[in-house]
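Across the two complexes that follow, chain A remains constant while its partner is chain B and subsequently chain C.
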Partner chain A sequence: MNGFLVTHAPALLIMLPLIGAFAAPFIGKVSPKVRSAWVILIMTLTTLTALLLASDVFMYGTRIYVFGAAAPDLAVPLDSGGIPIRIIFTVDAMSALMQVIGAVCGFAVLLYSLSADRIHSGLESFYTLFLLMIAGIMGMVSTGDLFNFFVFLEILSIASAGLIAYRIDGGLAVEAALKYFVLSTIGAMVILIAIGIYYGEYNALNIALIASRMQFTLLDQIALVLIITALAMKCGSVPMHFWTPDAYSMAPSSVTAMLVVASQASLYGLFRVVFTLYNVTLNAMTVGWIIIILGVLSMVVGVTMAIPQKNVKRLMAYHAISQTGYMLLGVGVGLAVLGNQPLMDSFGYIAMEGGIFHIINHAMYKGLLFLTAGAIFFRIGTYNLNKMGGLGHSMKYTMIFFIIGALAIAGIPPFNGFASKLMIYESVFAFNPVLAIIAMVVSILTLASFVKVFHSIFMGPKLPGYETVQEAPVPMLIGMGVLATIVIAFGLFPQAVVDGLIAPAAHALADQSGYIAAVLGGA
Partner chain B sequence: MFWNLPFIAVVALSLIGLATVVTKKNLIKIFLGINIFEAAVNLFLISLGYRDGGIAPIFTSAPSTEMVMATPQALTLTSIVIGVATSALLLSFAVIIWKKYGTIDTDQIRRLRE
Partner chain C sequence: MDLFASLTTGTGFWNPLAWLIAVIAATVIVYLILQRGEPGYKKGTAQTTPFISGNPEPGKEMVHVRASNLYWGYLDALKGYYDLVVPAHTGVVNDYVLWYLGVTAALMIVVVVFI
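Moving on, here comes the complex of A and B:
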């Protein structure tokens, strides 16, 4: 039974949220309580499936799932002449890690959302779109087929755009969603052109097969540029970041936390293309430096734009851009020395591990911070920092969760942000000291900015008008508590997490031949 | 040269589409630009599916077993369906913007900045 579940887990991860999504409106007809129970059930099952699959992948290596084949692991049909023609899901350690991030964050955010979004109307479509986002994220990170990647990217974009516009808010939310959606549609089309180029050259859509035939001709270079541009835009890296603050600040907070995970999924796509599809065939130094420069720009521009913001969610959104820069920096350094085994061993892998560790940490603490912002909005109805103050008296738990998130994002021990940032500093210093110094300065600015925010929200005397403010409802606190627990646990035992989860993921990402062998056999 | 015509059309259409998105101020025209760009991508995919001398992959009436892979056609179909969903969502955004702002001119849709 267990074996059967694990074998079909990659398909279940897409199937469960999809069934849940489209059944939710009908089940909601019975009563809103039943609908809440239903979405919780679906999300619990999805999370359990993701954890089960991840434990198997981390123990026994890459799993593949071939849709419509005689056997789920029969990637290459016997009569096809060695070409995998079916849609394949390839779940290696990196994909499994991303699935766990998506599922755990989704679960915590859902718990929060059931209580936070209760005040809105039209909730049946809200949870349909929410579960579609989960399905899109799961699909993007597990697929081994480029066109399939595009399809899930579009599912994710459409669901996200719907959710960003959800509160309408006198048209403001729709304006933000419009900006996001126009950009992501054009981005997706650009990705589709790149996919078409690969198909025209290699007659294949399967990532492993294209990787094994990769020539790095001029056309491949064009395709690489197109894909990097589009995915860097989707993950909110500078200079294509302008949709991020609008979309993040106008979406309901629960959705913003999921948008963070969604942008990590795009980041995963970027890394997958660079490392698995191209790997050493590309000019690792040049492309690595491009990604490093994108990362440094994102870090610096993000944090400097964040400091003057008045809207707490806009401020956090700029910090999200800045933190994405750390991931790009870490993994970019890993890419720059790819193929040079001694350098790779001395700091390349650590840089990649730091970058990937930062992805999971960022999803947790940034999600937590957006949820606390949402809890504050839930009680006082504004995001404007100038109108807040003295909330520490009445919202003690929210304040504690905010402190945990703020210290984690600033990289203060013993929280998880410190663990990953330290890995990035160390390895990047070995690669180029200037980059490490920039990264540290950005961290200090982040801390300064959050100290200011903390002071203006929670400190001071109770403001008139807020005397009756209460603590956030318990389900919201539980949702935040789940994320806060992970933040602290990862901060206290970073070595265990790095050895158990992050290092296998980093090695799986760098190991192109292993990925190809898992799909095509041999090696 | 002649066989490259579809690809020249692809480049021309995508430039027209992108130029429309960048230069036009009317939301509906911007959406039309996106649609033209989508059409360019679809044309690109379908042109890739052409193989000189190949025959359609219909088993019952095929003179030989040398048939063209139907993948690009399948891709194009999927992409068209996604394009319809995209256009529908974009147009519904335009409807709400029109109701709330009373304009679909992008110069006027700037309340987020304030």
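Moving on, here comes the complex of A and C:
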């Protein structure tokens, strides 16, 4: 039974949220409580499947799943001329890590959402779109097929746009969703053009097959730029980040927390294309520096734009941009020295591990921070920092969760953000000290910004109008507690996390030949 | 897998357990110093009210420093920078698309010319 589940887990990760999504409106007709139980069941099963598959991948290596084949691992049929003709999911350690991030965050956010969003109407479509978002994320990080990647990217974008516009809010949320959707559609079309270029050149859509044939011609260079910019825009990199504060601030907080994970799925796509599709065929130093510069711009502009914000979610959205910069910086440094084994061993892998570690850490603490902002909005009905104050008297647990998230994002020990930032600082310093200094200054500004937020929301006397404010409901606290526990645990046992999850992911990402062999090697 | 292993960073290491022990030791020292404080301290008396040159203390809700009043010095010092960056965030989707297309064009030139 266990073997069967592991074998079919890549397909189940898509199937479960899809079935859950389309059944949710019908089950909701029975009763809202039954629908809540249904979506919790679906998300629990999805999370367990992701954990099961991840444990298998981290133990035994890359697992592939071929849709429609006689056997799930029959990538290249004997009569196909050596071409993997079917849709193939290729789950290596990097994919498995992203699946775990998506599933665990999705589970915690759903627990929170059942309480936070229960007062709103239209929950049938809300949970349908929520589960479609999960399916889109899982598909993007699992697939080994470029066109399939585009399809899941579109599923994710459409579901995300619907959820951003969910709380109409006088048309502002709809406007934010429209902006997100316009940019997402243009980005997706550009990615489709790039995929068309690969298909025209290599007569293939499978990532492993294209990677094995990659010539890095002029057309490949054009396709590379199209994909880098589209996915950098989707993950909120400066100067293509403008949609992020609009969308993050107008979406319900539970959705915003998942938008962080959705952005990271795009970041995964960017890393997958650069490392697996191109790898050493490209000029790693030039492309690495492009990613580093995007990262530095994101870090600096993100944090400096966050400080003057008055809307707490808009402020956090700019910090999300800033933190994405750390991931781009770490992995960009790894890319810049790719192919130079002594430098890779000296600091390249550590930089990549730091960047990838920061992806999972950011998903947890940023998700936590957005949930605390949502809990505050749930009780006082505003995101305006100027109207807040003294809430620490009545929302003690929310305040504690906020402190944990704020210290983690600022890189204060012993929380998880410190561990990944330390890896980035030290490895980037070996590459270029100026970059490391910028990263540290950005962390100081992040701390300054969250000191302001903490003071504005929680400190001071109880303000008029907030005397009767109560603590957030228990399910919301449980959702925040799940993420806070992970933030603390990853901070207290960082090397165990790096050894168990992060290092295998970084090495899988850099190991193009291993990826190709996992798909084509069995032919 | 050693759960309490130090995090190695290539050139250094970090052990959260050692940090925690140090924090606990510091907390104990702080507590011991606190215990040696003035035992006659009474909350809710004149001992705990601020002295503002003899003026009456305003209501607590009147003295809460709001978000807009924080970091004005920092923002003023970087006014030149913010005058450039903030207006770029127009909120107009056409501008968002232009930035995206501009970056794509710039990277296209860099990659195609320099690679």
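Just so we're on the same page, the second predicted complex is superposed on the first by the 521 of 523 C-alpha atoms of A that agree within 3 Å, B and C clash if a C-alpha of one lies under 4 Å from a C-alpha of the other, contacts with A are read in each partner's own complex, and residues count from 1 in each chain.
Basically, a residue touches a chain if its C-beta (ideal position, glycine included) is under 8 Å from a C-beta of that chain, and two chains touch if they have at least 3 such contacts.
Quick caveat: nothing in here was measured; it's all calculated off a predicted structure.
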{"item": "Touched partner set for A:P475, first chain B, second chain C, both or neither", "value": "neither"}
{"item": "Touching partner for A:L172 - first (chain B), second (chain C), both, neither", "value": "first"}
{"item": "Touched partner set for A:A161, first chain B, second chain C, both or neither", "value": "first"}
{"item": "Which superposed partner A:N203 touches (first chain B, second chain C, both, neither)", "value": "first"}
{"item": "Between chain B and chain C, more extensive residue contact with chain A", "value": "C"}
{"item": "Contacts of A:I186 with chain B and chain C, given as first, second, both or neither", "value": "both"}
{"item": "Which superposed partner A:G514 touches (first chain B, second chain C, both, neither)", "value": "neither"}
{"item": "Which superposed partner A:M250 touches (first chain B, second chain C, both, neither)", "value": "first"}
{"item": "Chain B versus chain C as contact partner of A:F147, first or second or both or neither", "value": "first"}
{"item": "Chain B versus chain C as contact partner of A:P77, first or second or both or neither", "value": "neither"}
{"item": "Residues of chain A contacting chain B in one complex and chain C in the other", "value": "178, 182, 186, 246"}
{"item": "Touching residues on chain A, where the partner in the complex is chain B", "value": "147, 151, 154, 158, 161-162, 165, 168, 170-172, 174-178, 181-182, 185-186, 189, 192-193, 196, 199-200, 203, 205, 246, 250"}
{"item": "Residue numbers on chain A that touch chain C, as the complex places them", "value": "178-179, 182-183, 186-187, 190, 216, 218, 221-222, 224-226, 228-229, 232-233, 239-240, 242-243, 245-246, 282-283, 286-287, 290, 301, 304-305, 307-308, 310, 346-347, 350, 354, 385-386, 388-390, 413-414, 418-419, 422-423, 425-427, 429-430, 448, 452-453, 455-456, 459-464, 491-496, 498-500"}
{"item": "Interfacial residue positions of chain B with respect to chain A in the complex", "value": "14, 18, 21, 27, 30, 34, 37-38, 41, 44-45, 48, 69, 71-72, 75, 78-79, 82, 85-86, 89-90, 93-94, 96-97, 99-101, 109, 111-112"}
{"item": "Chain A-touching residues of chain C, taken from the complex the two chains share", "value": "1-12, 14, 16-17, 19-20, 60-61, 63-68, 70-71, 74-75, 78, 81-82, 85-86, 88-89, 91, 93, 95-97, 99-100, 103-104, 107-108, 110-112, 114-115"}
